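Shared between the two complexes below is chain A, which has chain B as its partner in the first and chain C in the second.
Our next item is the complex of A and B:
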């Protein structure tokens, strides 16, 4: 009965529905697109948040209130009104002699005669052996800034008699004093010098060889089997986990080449380091590790030198080596250096291979040469972090800041170098 | 005029040096494989002595090849190597309580043994045990690699779960959505993140991520050292790697493809997901695989945050030592070169080397095979 109007109605609506549906789908598609856009944008935030959290976390531990107790108050050590801060070296030696055993004094003397020690050195010894400050509690920066009242209350309840100071764990003293088992006086000088020594050896080994290999592969190598193997092999080597290099270093430098890396070949015999776990072994291991990186970076830099330069040089009758030495290398040098600096900053941060090669857990004396025992900054951080006492986390944070500042300034230098010279070619 | 090429000695020497430098990298690889291989062989052939809980019940003069032993204790079989004090013997035949042996096996000296001397039995680590068992405890002679591999896979899985979605999203955002100015701000931040030493990330895992997890899931559930925290932080570490490699792949997709998609009425999101991503698939996949290999080989984060002592568990909130963590821990102490521990380092290292090498080669193959080449 009502069939006819029904059909008419449905016709008009069908078209309309189609139209509406399409518009609805389109807006839905755009909505989906917008939602995903937000998702993508917020995941980039994740990276920023992670970096911020990491830095804040470190800064949070590197500063804050510390409560510590002295075994002997420094005031009691004053001789006729002169406090130990103002004492001369000789008086400090007397103070030290009054408070530690004769045997210990003799050991200090054996390590280094008193006449050769600086005043600061003796002062540090007095601090470490006589005053013996020990931390009883420490608070993070956040607590120290916003919860001062709670800290005061805690000190009043638990740590009566302790000295409380607001301490920055990273100070000039921290950078210039040697390692110590006492967190309050421990420093990173030994570790920084160790890092510099290993890097120096690594770079003097791998820079000439790395650049040489890059020149060979870019300028001399023909496209044959052996050169293709070298190239593939390089890419694979760059992906080998660093700890594998550590194992290689342990087997090759520490064990097989023991006589060489401990210096016995050169007549350098120190029973303390004769097992080959020396700066030289560590440096060479790091050298192997960064070699593929240096080669690949140098190859890129050499590749970027325009061919017209080479052709002009050949046209003037230069030989291949003259072309490379006089024209290709100078133009590629900024790129090569940038790549090398990046490789160095990778090497400075490496920890695992050096632990495997056999870094020393505790040395207080500066390295004297390539055949000394070694520790480096990241290894120091690792060891302090793995200690059970919380206070070592604080000095680990201080050491991390030193390490990051070193790395950032190197990277900034690399970027500067790149920007300064990249316009020339 | 003589137009023949002049021989230049200096140049030949230089060229020789350059060639040697190039070839050195091959020797490094050979060195790695050789050292890892030979020491691993030692690991599987080195004899270890275990108490058999058996004694000899008579005196043995040098030269005597059959003697009585006590009944209880470990079973001794034909062909087994046994040791009485310093003298080794190979068993030729066993008859209830009576042994027929070859004296002075493996060039040891034949000596007199008094009654009641304990018999030690030789054991070796077999492939079957190495790849078949799930407990790793060198002190009592247990060498089942799965305990270590399992925790390595757990941390890597966590890392992948964090880094793949985030890294890929960052890459899509950078290459498809972000303005050049924003990109020039964000990329250095990611580079800084990538340049931070892993030991710092380890510190971060232990002093930030673990307390955070313990706050969320409760101190009873989450141990101080756990694989979840280490895995998540490894994930953060490899985000820059995933995002920068993927972004390179996505940016390399020619604009004509995007414009064609827009022309057909696709939205920006549809273009990114259905056109750009498939076109850059090979690069993205390669980035994922290389990042996975990096996560497997990552050492310091797990050494600091995942705990010491192997533990075969699927609970991510429990401490479990990974392959790399184990290598760092046992090589940190003074290690004797003639010990099974020392050799086991190399067996683990070899396994790690092949795992990462396989992944790296696989990623290179993917790039070669699936690369879409556009004009």
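Our next item is the complex of A and C:
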């Protein structure tokens, strides 16, 4: 073995070191670093400004003064001094009967007998059908806070008879009321339930299939040409525009599998949904949309399980299935769940594919099962913002806040779930 | 399918490698290895980095087959059966020839479950699990340290304790041979010493084959030493295989002497 070769190391004596030049180089190195720091910080700032603008814009529309006029003033409906707020259910039915046609009363009765209706239900009907409040003007939160005088002046000039209140467009009533053509009493209950139903179907369809495929690709599949093609295509599928999935859903679930998605094969025949434009079609379409996402996320989670764990298991004579089921999957579970919830968040916000699959833009009754017609929150928002009346912009802002809260709580749930499972290990 | 009968294992040699050639794709990592590994003895495999020590160790229980491009030719005779035969199930091989790895890798489960899992799922042990867990932990000289914290995570133990837990886990499925791939290289000197003492106790009942980087460890703790070196074509080959005391005091080959005296490697 050769000895260490003699390498000439040029030695610089203390006197030869140019301290001044070194200091200059150092300050140049720091300067470059500072420039990049500013660049990175300003990128972050642009993002923050954009987000803040979005949130402010929504909040600006979601609160503010409203001027509305009633077709019939509630005071005029009082029976012997008792206002409609304090009336019993029976009296409210009488008030309603006095002001709407008998045909309409019979329709209400057919939908649900008066005895079964709650007082609030009848009160809402009186509001909707008799009092009929209609907004004549509304102002943004900014105007309501800082330009009160101008609003007063405007009301005095143009809307003399109108009632003016400061209204939060997002209220408990807004969340629990069904859709209505009257913005003042419209709510998002139908849309929330529609969203939950479609997500439930999407996830029960794509979670087992997605995780199963991920396990196969990661733990069983050999690294050969076909599997590499499958992998590449999966990655591409995750980036396909969602409207394409909508068209696929339309062709596959609405048209081809019409008998199945409309529930006809299960003996469920509703002429209104027999064309297959049901919650089931929408859920399966969203399921297809998030399937590649779930597969890729689950694959990443499985890939992140250290190989030493697999070796430990195989090394003591465990089979592949025992290794996967008892060691790999439990370790990968937090990652799989996080990825799945993020995929669900994506699905909740999807609009385009549902428009294609045939979401109803206006339904007032709640979905009752997978074969119901449906609308979802994003569809509702889209529909409201495209209305000509300004006031629908305000309730759209309210619905956007509901959607954002739903998304944020799902993501928070994902984080909690991950922390909980990772701590257990 | 051929199966192994541990009761019949009374020959002198636990494992015999015959003309073993190990490949990663086209690359031959180990060539023409012939070794007879004595039963109830500790055999150390030493050699410079990249000479195929780990590869040959992992070929003895077909662990290496987890690497897709790997394949082996030649025979590995275990209890009279060539485990490289196509009709031998590697799962069965690994159950009889256990393994302890370089980095301690306990399951992310409780200490108790670390031991019980293999017995429950691999050997489907029907006796009293508590007794088996205690016995295995005692064999691995870990019982006194963990008997009160059996429900704690195995990952909460120190590195040396984790490695002994891995040994206990391997013992719980009652193997004949235990392969150890540099089991002490990630441990401090005191933990290393404990592992070496433990290995000495274990050879009463098990055949142990240990790969080590540490020549002092091989000299201290093994009965036989196999010295591998890397040839010009980068394939590892067996240079010398003999009783440890002979290899370290009076080696036959010049190369062995150079290596153990630290002149290369």
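In this section, the second predicted complex is superposed on the first by the 370 of 425 C-alpha atoms of A that agree within 3 Å, B and C clash if a C-alpha of one lies under 4 Å from a C-alpha of the other, contacts with A are read in each partner's own complex, and residues count from 1 in each chain.
One rule holds for everything that comes next: contacts are C-beta pairs under 8 Å (C-beta built on N, C-alpha and C of every residue); 3 or more make two chains touch, one makes a residue touch a chain.
Quick caveat, the model's predicted, so the values are computed rather than measured.
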item	value
First (chain B), second (chain C), both or neither touched by A:143	neither
First (chain B), second (chain C), both or neither touched by A:404	first
Touching partner for A:61 - first (chain B), second (chain C), both, neither	first
Winner by number of chain A residues touched, once chain B and chain C are compared	B
Partner chain in contact with A:311 - chain B first, chain C second, else both or neither	second
Which of chain B and chain C A:180 touches, first, second, both or neither	neither
Partner chain in contact with A:319 - chain B first, chain C second, else both or neither	both
Touching partner for A:70 - first (chain B), second (chain C), both, neither	neither
Chain B/chain C common contact set on chain A	319
Residue numbers on chain C that touch chain A, as the complex places them	61, 63, 66, 68, 91-96, 98-101, 103, 105-108, 117-118, 121-123, 153, 155, 166, 169-170, 173, 258, 263-264
Chain C contact footprint on chain A (complex, rising order)	1, 222-223, 306, 308-319, 322, 326-327, 330-331, 425
Chain B contact footprint on chain A (complex, rising order)	29-30, 32-33, 36-37, 39-41, 43-44, 46-48, 50-51, 53-54, 57-58, 61, 208-210, 212-213, 215-217, 220-221, 226-227, 229-230, 232-237, 239-248, 250-252, 255, 288, 291-292, 295, 319-321, 345, 348-352, 355-356, 358, 361, 378, 381-382, 385-386, 393, 396-397, 400, 403-404, 407-408, 411
Touch list for chain B against partner chain A, complex	8, 10-11, 14-15, 17-26, 28-29, 31-32, 35-36, 39, 165-166, 169-170, 172-174, 177-178, 186, 189-193, 195-204, 206-208, 236, 239-240, 243, 267-270, 273, 290, 293-294, 296-300, 303-304, 324, 327-328, 331-332, 337, 345-346, 349, 352-353, 356-357, 360-361, 364
